[in-house]
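See structure below.
Should a chain be cited, it is by its letter among A, B, C and D, assigned in written order, with residues numbered from 1 in that chain.
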Amino acid sequence: MTSFLQILLVGVALATFLAPGPATAQDAIKVGIVLPLTGDQAKFGEIEKLSFYLALEEINAAGGIKGKKLQFLFADDTGNPEVGRTVMEKLIKKDKVVMLGGGYASAVTYAMAGVAQQNRIPFLINTGSADVITEKGYDYIFRLNPTVSDYTSGLESFLTAVVKPKNVVILHESSLFGAEGAKAFKNTCEKLGIKVLMVEGYEGWFRAFDFQPLLMRVKQANPDLVYMISYLRDATLLMQLAREMKLTPKLFVGGAAGFTLPEFAQEAGKAAEKVISVTLWHQSLPIPGAREYFDKFKATYQRDTEYHGAEAYAAAYVMTDVLKRAKSLAPEDIKQALKETDMQTVFGPVKFVSYGKMTNQNRLNTYVVQWQEGKLRLIWPADLAQAKYVYPVDWLKEWGFK
Amino acid sequence: MKRNQVISAIIAVVFIILPLVVTSDYYRHLAILALMWVVIGGSWNLLAGYTGQISFGHAIFFGTGAYTAGILADKLGTSAWLGMALGGFTAVLAGLVIGFICFRLRGPYFALATIAAGEICRLIAVNWESLTNGMVGVLLIQTFRSKLPYYYVALALAAASLLVFNLVMKSKWGFYFVSIREDQDAAESLGINAALYKNLSLAISAFFTGTAGAFYMNYMAFIDPEVVFSLPYISIMAILVAIIGGVATIWGPAVGALIMVGIQETFRSAIFGLAPKWVSQSHALVFGLMVIFVILYLANGVVGDWPKIKRLVVRSR
Amino acid sequence: MTVFFQTLVSGILIGGIYALIGMGMTLIMGVMGIINLAHGQLMMVAMYITFVAYTFFHLDPYLSLFVAMPCLFFLGVAIQKFLLNPLMEVETIIPQNQVLMTVGIAIVLTEIARFIFSSTYRSVTTSYTGKVFFLGGISFNVAMTVAFLFAVTLTIVLFWFLLKTDLGRSIRATAQDKEAAILMGVNSRRITIITYGLGAALVASAGSLLIPIFYLFPDIGRPFTTKAFVITILGGMGSTVGAIFGGLTLGIAESMGATYIGMSYKEMVGLIIFLLVLIFLPGGLKRLTKV
Amino acid sequence: MVGASMAFFEAQEIGKTFGGLKALSDVSFTVNQGEIFGLIGPNGAGKTTIFNLINHYYPLTSGDILFKGKSIKGMKTYQICHLGIGRTFQVVKPLKRLTVLENVMASAFCRVNTFKEARELALDTLEFCNLMSEKEKPAKSLPIAGRKRLEITRALATQPELLLLDETAAGLNPAELDEAIELILKMRDKGVTIIIIEHLMKVIMTISDRIHCINYGRTIAEGTPAEVANNPEVIEAYLGESYA
């Protein structure tokens, strides 16, 4: 018995050792993609990973890059900056990737950007949005998505033209993303003459379950607008409790992230209805390929996608374009090619510019969406709108109390 | 005496030459971490092993040192190496505050108080955003791209700490520390100012732990509260390093550091890539199993239980 | 004022469940004189049991109570018997090695959970999740109210057990004065084993009760371990009545802290109270009530 | 500073209350330099409490304690040791995992600063106390007589002028007892003033110059051994016990 076990163990060990790596390992161009695949933010990681895959298959089917196949090495940052740095290090040192992509949570992305810069490997960020990431003057860091302080640019005109709120309460998860977003929106409100009644941060994970006292305070403050920057769980819980507690401001607005995920509507149910959110993208936008991407994603995975997926999908194409144009696969050449990027993607035009403290930052418009009958519809700007916004909202009716 | 000095000299030479022989960055990285843990394990050992004050809060000093270096570099733009010179001193300040509060308590209550103090420090680091950047942490760019300078700094720090611990333990202070551990009441009646010497032990311990923390900031170039104020991965790890090597021995924690970092990395890398990937995912589990194993079977550590181990090995042959 | 009462109610409701966690811990601490730093992790195990029972067998979390509690009882018995009791014979310089052992157990439990279930957040969405009812303008979370009522019932049962049964009396005696109990012929080894099982079962019940309210992931145990020892020290080691007060105090303090200081300071409020009590009121609230 | 009229050691109406319970009230006595002063009383009379008050193991509730004319009230335990008051514990408190020599060295550091000096002082003291043969053994391996002797040796190594001995003879066999008495007398001859708590009447009556007897925390008699032995109150206090 013992000897059998020993043979088995040795066999397994040998098999793992001798097993050939991925067939195309030799002639593929390796790019590392770091995303949260487990943990708190796994849902976002999943939608992005699927989109990267979708793009990868198309790219390789179309001949890859300079005759070589593109290969994505996915790594899991688990939503933890320290883990993110370790896997980045491994991708760079051990797997010898030519460039890096991904980057979901701002805090993790920020920490990972340090590793990329340190090792001078270009890193194309597609979601991590805190301003500080591209404010450090790191020349190997490029960002495809707009910064969190630009998230509400599309919302501003909606507020001034339609809602005209007098005052606002801002609730945010207190990691880098939420904190910076809240600060930015507070400034926006002050600029627009909207009185900020309350800004309250809550820790982004398990400590956030007990929202009742918080919402009771919001209820007493009686604001016109409740602006929330949340990931998925907290977004769901906040809206569910708001419904239960019959908290009825003129409008609930989400600051993207959790509020646009299909899971938000699934889990929050009725409580998600008519909630408005900022978004960076919508399939109905007149961007070439946007609708095709959305449909293809749905056909392939039998589920909806949203802006996070589009960011990932676009990033894959930007990388392909860059790697095709780069003189060689040396980091400096790839960096140079990234700098010269000027292309159209499903996420919008991509061109990395430097302005103010920012370096290598892509600037894009943002939009406003609303959950209508369980569907996320583009409602603003008016000329691009797919559906008319519903405002004012009779919350009690929407929530099924009437 | 002479023989010990010769052995120490040989060990020192081996460690000085080591990175010149081992050129892989990965192994150098492990060596640097191990040397850092030599310092932390030894520091914990001074306070707990020798002075008998079981701290579950060494992350306080590690974190304070790390943040000193980090904040100086991030906010004032000084070199993080300046922070390394200062990190030890701020950790001592933190230590004096902790000592003032926690030394009123003895035994398990002291241990509990240090856990609570550690958690409070972590929460302060999370919440005092204007100073610490909160959960975002402090991000720097390393001074050197090569591992060598870091290796030698860590080596110097480890050597200095061992030297200091050795000198202290051979002096009056050392006798006093051990006396307090064995019986605080008896010690006081023998003219030992227990409060003073406990604080002295804490201060030395905090100094080296803080300096190690500041070194970590320099070397890893990124810290956040969950990393440097971590209960399991700093405070408990410090205890394990000391215990696995041998509590209340000079070389024990040093041996423990090499073993702990070695085993941890062996599993983290899935036995150098030989084993299937799930092995690497289970490295934290292995960490926990080691805690249990060590406490059950090697409660006095490899150095302390060396006779026992030798006997077992010899007998099995 | 509404905000104040709302905060108070939230604090009391969660405090009831904290009390359940604290009572298990206080028995263990009293009987063995050690801090059980695996307490929250035991709760986490119970939560996963409840989660599995709900997901695969569609068992209501409140019914899983009767699955999770016995499971954890036996887990606790095994831990005490095979991991903690053997340490009594080991002579070491560090007297706290039982405490360290519980840390090891905590890590192992967490990592096993991560191994099986990964770090992904799980939740049990029942028909009553997220529901509230109003009473005098104050909203009561249905799941939390039910959990609170369960906690009260379990507390009463526990008290009956401790006061009226021989075994219970032995446990109480050992918790209050170990040496005296041994002198009076109490088999302390057996008592420690049963107590650890009982403590584990109590915290298991808290886990099952909390699952409709909380998201579940492997690391959820740690903050609860901290809470457990805070409650125990607040109430006074070994005092079950103290644990109830400690639990309620912590619940209310956290809730008030969240409302009036800031949500991110919630944890710190509990810890600071803990340190203050440890230093200025050694012996905990027990000292004030003389129970 | 030390005037002729000044007592060497003086306890002035010292009292101690534990949570409302009076353990000791208004006990006064003086000890002259160079004498052996016995402190007796039935179990729980408060003898050890007096020692604990003298070396500030507990703070005084009332009264004052003067050593060489100066109040030592409020001083810390270790300061009192440095002043020259050493003590032993009734329940011996050896530094278990240290060797006998190390135990004594730890206390020798009270007077000297270097390792070498401490070692010399410790060895001298061990020699004086006749414990040289045991010096390399761990303290925990000593039998009870050895531990009691170590307790005295350790206290002596702090070079006290006044030594408080708490039941150093309890649990010893007759041969050991004689050795203990011999050691105490030897210390006195060396110039150490001694206050001794002892239960064995044989010991205390033979070695003490004067005896102070307390019961229920109060003084009931003081005088020479013969006077105290014949005091009716003392006899009454002890009878119940010795015949029980």
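Rule of thumb we're sticking to: a residue touches a chain if its C-beta (ideal position, glycine included) is under 8 Å from a C-beta of that chain, and two chains touch if they have at least 3 such contacts.
Keep in mind that what you see is a predicted model, and the values were worked out from it rather than measured.
**Student:** Tell me which chains count as touching both subunit A and subunit D.
**Tutor:** B
**Student:** Chain pair with the most contact pairs?
**Tutor:** B-C
**Student:** Give me the ID of the chain with the smallest distance between its Cα centroid and the all-protein Cα centroid.
**Tutor:** If we average C-alpha coordinates per chain, B lands closest to the whole-structure average.
**Student:** Using CA atom averages as chain centres, what separation in Å is found between subunit C and subunit D?
**Tutor:** 49
**Student:** Once you find the CA centre of subunit B and the CA centre of subunit C, what distance in Å lies between them?
**Tutor:** Measuring from centre to centre gives 31 Å for this pair.
**Student:** Take the average of all CA coordinates in subunit A, do the same for subunit B, and state the distance between these two points in whole angstrom.
**Tutor:** 38
**Student:** How many angstrom lie between the CA centroids of subunit A and subunit C, rounded to a whole number?
**Tutor:** Their C-alpha centroids are separated by 38 Å.
**Student:** What are the residue numbers in subunit B that touch two or more other chains?
**Tutor:** In subunit B, residues 126 touch at least two other chains, as defined above.
**Student:** Would you please write down the residue numbers of subunit D that are in contact with two or more other chains?
**Tutor:** Residue numbers touching two or more other chains: 97.
**Student:** For subunit A, jot down the residues that touch at least 2 other chains.
**Tutor:** Residues 174, 203.
**Student:** If we use the touch criterion from the header, which chain pairs count as touching?
**Tutor:** A-B, A-C, B-C, B-D
**Student:** Within the complex, which stretch of subunit C touches subunit A?
**Tutor:** Going by the criterion above, the answer is residues 2-3, 6-7, 10, 14, 118-121, 123, 125, 129-132, 139, 141, 213-215, 217, 220, 223, 255, 258-259, 262-264, 266-267.
**Student:** What residues on subunit A touch subunit B, complex-wise?
**Tutor:** 12-13, 16-17, 80-82, 85, 93-94, 106-107, 110-111, 113-115, 117-119, 130, 132, 136, 174-176, 179, 203-204
**Student:** Using the touch definition from the top, list the residues of subunit A that touch subunit C in their complex.
**Tutor:** It is residues 38-40, 42, 78-79, 174, 200-203, 206-210, 212-214, 216-217, 220, 233, 237, 240-241, 244-245, 267, 271 of subunit A that touch subunit C.
**Student:** Report the residues of subunit B in contact with subunit A in the complex, numbered from low to high.
**Tutor:** So the residues of subunit B in touch with subunit A come to 25-26, 126, 129, 134-137, 139-142, 145, 220-222, 224, 226-227, 273-276.
**Student:** Which residues of subunit C touch subunit B once you look at their complex with the stated criterion?
**Tutor:** So the residues of subunit C touching subunit B come out as 33-35, 83, 86-87, 90-97, 99-101, 103-108, 110-112, 114-115, 222, 226, 229-230, 233, 262, 264-265, 267-268, 271-272, 274-275, 278-279, 282.
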